[in-house]
Amino acid sequence: MVPQSLAGQLAEAGRRMDVRNWVPGSAGNISARIDADNIAITRSGVHKGRLIEADIIAVDYAGKALVEGQKPSAETLLHCQLYRLFPPVGAVLHGHSVAATVLSQRGPITFSNYELVKAFGFATHELDVVLPVYENDQDMARLAAYIEPLLLQDPPIGYVIAGHGVYAWGTSVEHAYWRLEALEFLLQCELERRQLP
Amino acid sequence: MVPQSLAGQLAEAGRRMDVRNWVPGSAGNISARIDADNIAITRSGVHKGRLIEADIIAVDYAGKALVEGQKPSAETLLHCQLYRLFPPVGAVLHGHSVAATVLSQRGPITFSNYELVKAFGFATHELDVVLPVYENDQDMARLAAYIEPLLLQDPPIGYVIAGHGVYAWGTSVEHAYWRLEALEFLLQCELERRQLP
Amino acid sequence: MVPQSLAGQLAEAGRRMDVRNWVPGSAGNISARIDADNIAITRSGVHKGRLIEADIIAVDYAGKALVEGQKPSAETLLHCQLYRLFPPVGAVLHGHSVAATVLSQRGPITFSNYELVKAFGFATHELDVVLPVYENDQDMARLAAYIEPLLLQDPPIGYVIAGHGVYAWGTSVEHAYWRLEALEFLLQCELERRQLP
Amino acid sequence: MVPQSLAGQLAEAGRRMDVRNWVPGSAGNISARIDADNIAITRSGVHKGRLIEADIIAVDYAGKALVEGQKPSAETLLHCQLYRLFPPVGAVLHGHSVAATVLSQRGPITFSNYELVKAFGFATHELDVVLPVYENDQDMARLAAYIEPLLLQDPPIGYVIAGHGVYAWGTSVEHAYWRLEALEFLLQCELERRQLP
């Protein structure tokens, strides 16, 4: 159901996230749009740095596994939401980084005058880009419903769930990875900056 | 005596710990339950990032090597204790990380509102999870005796020996590694958080 | 147009920069002098950690691609400038590091009494070496014109564009990488030093 | 002149040091005792993370290359000194780490109550172990003469040259690497500890 080359790209993204320490334990989840009906996403309870083909399963846009008994990642609804709301989104990566976790416990994060915000399509570095931080909630349907109007009103460059981690997306798995890498870089800068006297 | 596939898993866990810088020099030790009589554990004085089969030996539940002359890790008794007290434990990993070493010099460590505590079976992030820190002691029998009632009274998610390192465990080597990775992630978050003004 | 061995050296430098986290997303650019007429440089919009031969294209000293339709890196003019001004320069590396980005937001950076400044040809460590920080500007022609007299007046060991990243160079790709590595090491030292009370 | 297996061990130690970012640019040097007359040491001006056999040359105990025209590392005399003073020393590793560089600018470094000091033969963690920091000097003969009585009077676990880097040694290349890894771990702990409020 999941095209083999797509599964390979997702596994490769997971390996790169693991090298950077963004998927500790079985944390994080990775997905890609297959077509108008289906999404490929990582199974629940697997290490994202060592994904095999069987770890990547197909779900519909309501987050239901196509093969009965397969259990998608707990946060599948948040992935589905992004594909549903934003047609250009082809892949979504969710990781847990130290910088995102620590900074998100202190409210929204603003990136000021960083060249790297250009990775998100801005034409200049001379601006303040806000990375929204949403309250964590174990009820995914409720969390998705809470986020939805915020996403639509002012589509962000990504978002963070407090004490949890980053959601990044792009037109392809590679593009989503680039944007995640840029976001995490900005978060590391911000963490170091705040640790200066 | 030690099944080859188990030795392979332990060596692989050691390599992953080394990449993260958790087994400097010959520090750390790694073990797995073989059966009701025996435990596989790393020999004393070997680098855990480059284990070969001969570096992993069998001991009984009293920590005595099955083959005379083989010298198990100094902390073998602490491993045996965990297998003895908790039947589901299938593997124990002990590493020395910078974060654990530094934080443990300042008393018990509390993780508040971190999503990643769910890696330890909690259903929510909305709680304070304590990682106990025990005083270091070079007398392993005395240290084990001191720890035992504390472990039984309120089984922790892992523990730290002050100025020393983390003990983590799980049902399998892979599961123990996931829990160690989650613990170390939380410790890194906590160290960075405390360095913010 | 680009000699294959030179493309290979540039791709290898990119891989090493990626391992150190200096080229997040599609950030950074890498070039080498081919001859009196041409420069090899990375294409715009590719990940510098996974360069293939087709990602490295030839431009003239005005930054114009030799093959119509090929788009060189946005900062190509800054590379051309260094080759034009300094005949011994054989390669230029531009990366975005966390340390350079954070420190450059606070003005010029001085390295005092570091042995590693000897990597830049100084005979002693007993001196203050300034790494100039230039204001960021999305207009590359204007930025190059602004930098030019400063580069000529007192040729620096490299330079940083504020909130952006480091430019380093050397007689060969390998030599430029060594100098970049030394510069980034000094920047990391300086960041850590300033975070001490 | 240099046994091939010894050259291989030195190259491997260099690769491991490079992964940890302890040999930026062409910094650092690595040596091993060959016999009563000769020492194998890295050539000047090569990257220690990518050593080939030709980069490792033989010198006598006065630091003179056996093959005319070969230029040993600038700090060769410091290596020779350790082999001359301490017969059990079989290998010496000198690297530049961020932690050693930053901390050494602030005077001698004391490690208190760290388990890992046991890597240096202490039977307990309950002590203060001093890592001496010597003033940097570009005159190696003078630096060696200054250090010599200090090394003999109270043989340290290693030493640091201020603003420069660590010297570690052991009975073999592997043993020296373990001690270097333990020293660098302690230095990282100490740097993080001092950055806590």
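Note that the chains take the letters A, B, C and D in the order they are written out, and that residue 1 is the start of every chain.
Please note the rule applied: contacts are C-beta pairs under 8 Å (C-beta built on N, C-alpha and C of every residue); 3 or more make two chains touch, one makes a residue touch a chain.
Because the structure is a prediction, the values reported are computed rather than measured.
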Rigid-body rotation angle, subunit C and subunit A, from Cα fit (steps of 5°): 90
Remotest chain, subunit D as reference, centres from CA atoms: A
Interchain centroid distance [CA atoms averaged], subunit A/subunit B, Å: 31
Interface hub residues of subunit B, defined as touching at least two other chains: 195, 197
Chain contact graph, described as a line, ring, star, complete graph or other shape: ring
Complex interface listing, subunit A residues touching subunit C: 20, 113-116, 119, 123-125, 174, 178-179, 181-182, 184-185, 188-189, 192-193, 195-197
Touch list for subunit A against partner subunit B, complex: 21, 24-27, 47, 96, 98-99, 101-102, 105-106, 136, 138, 161-165, 191, 194-195, 197
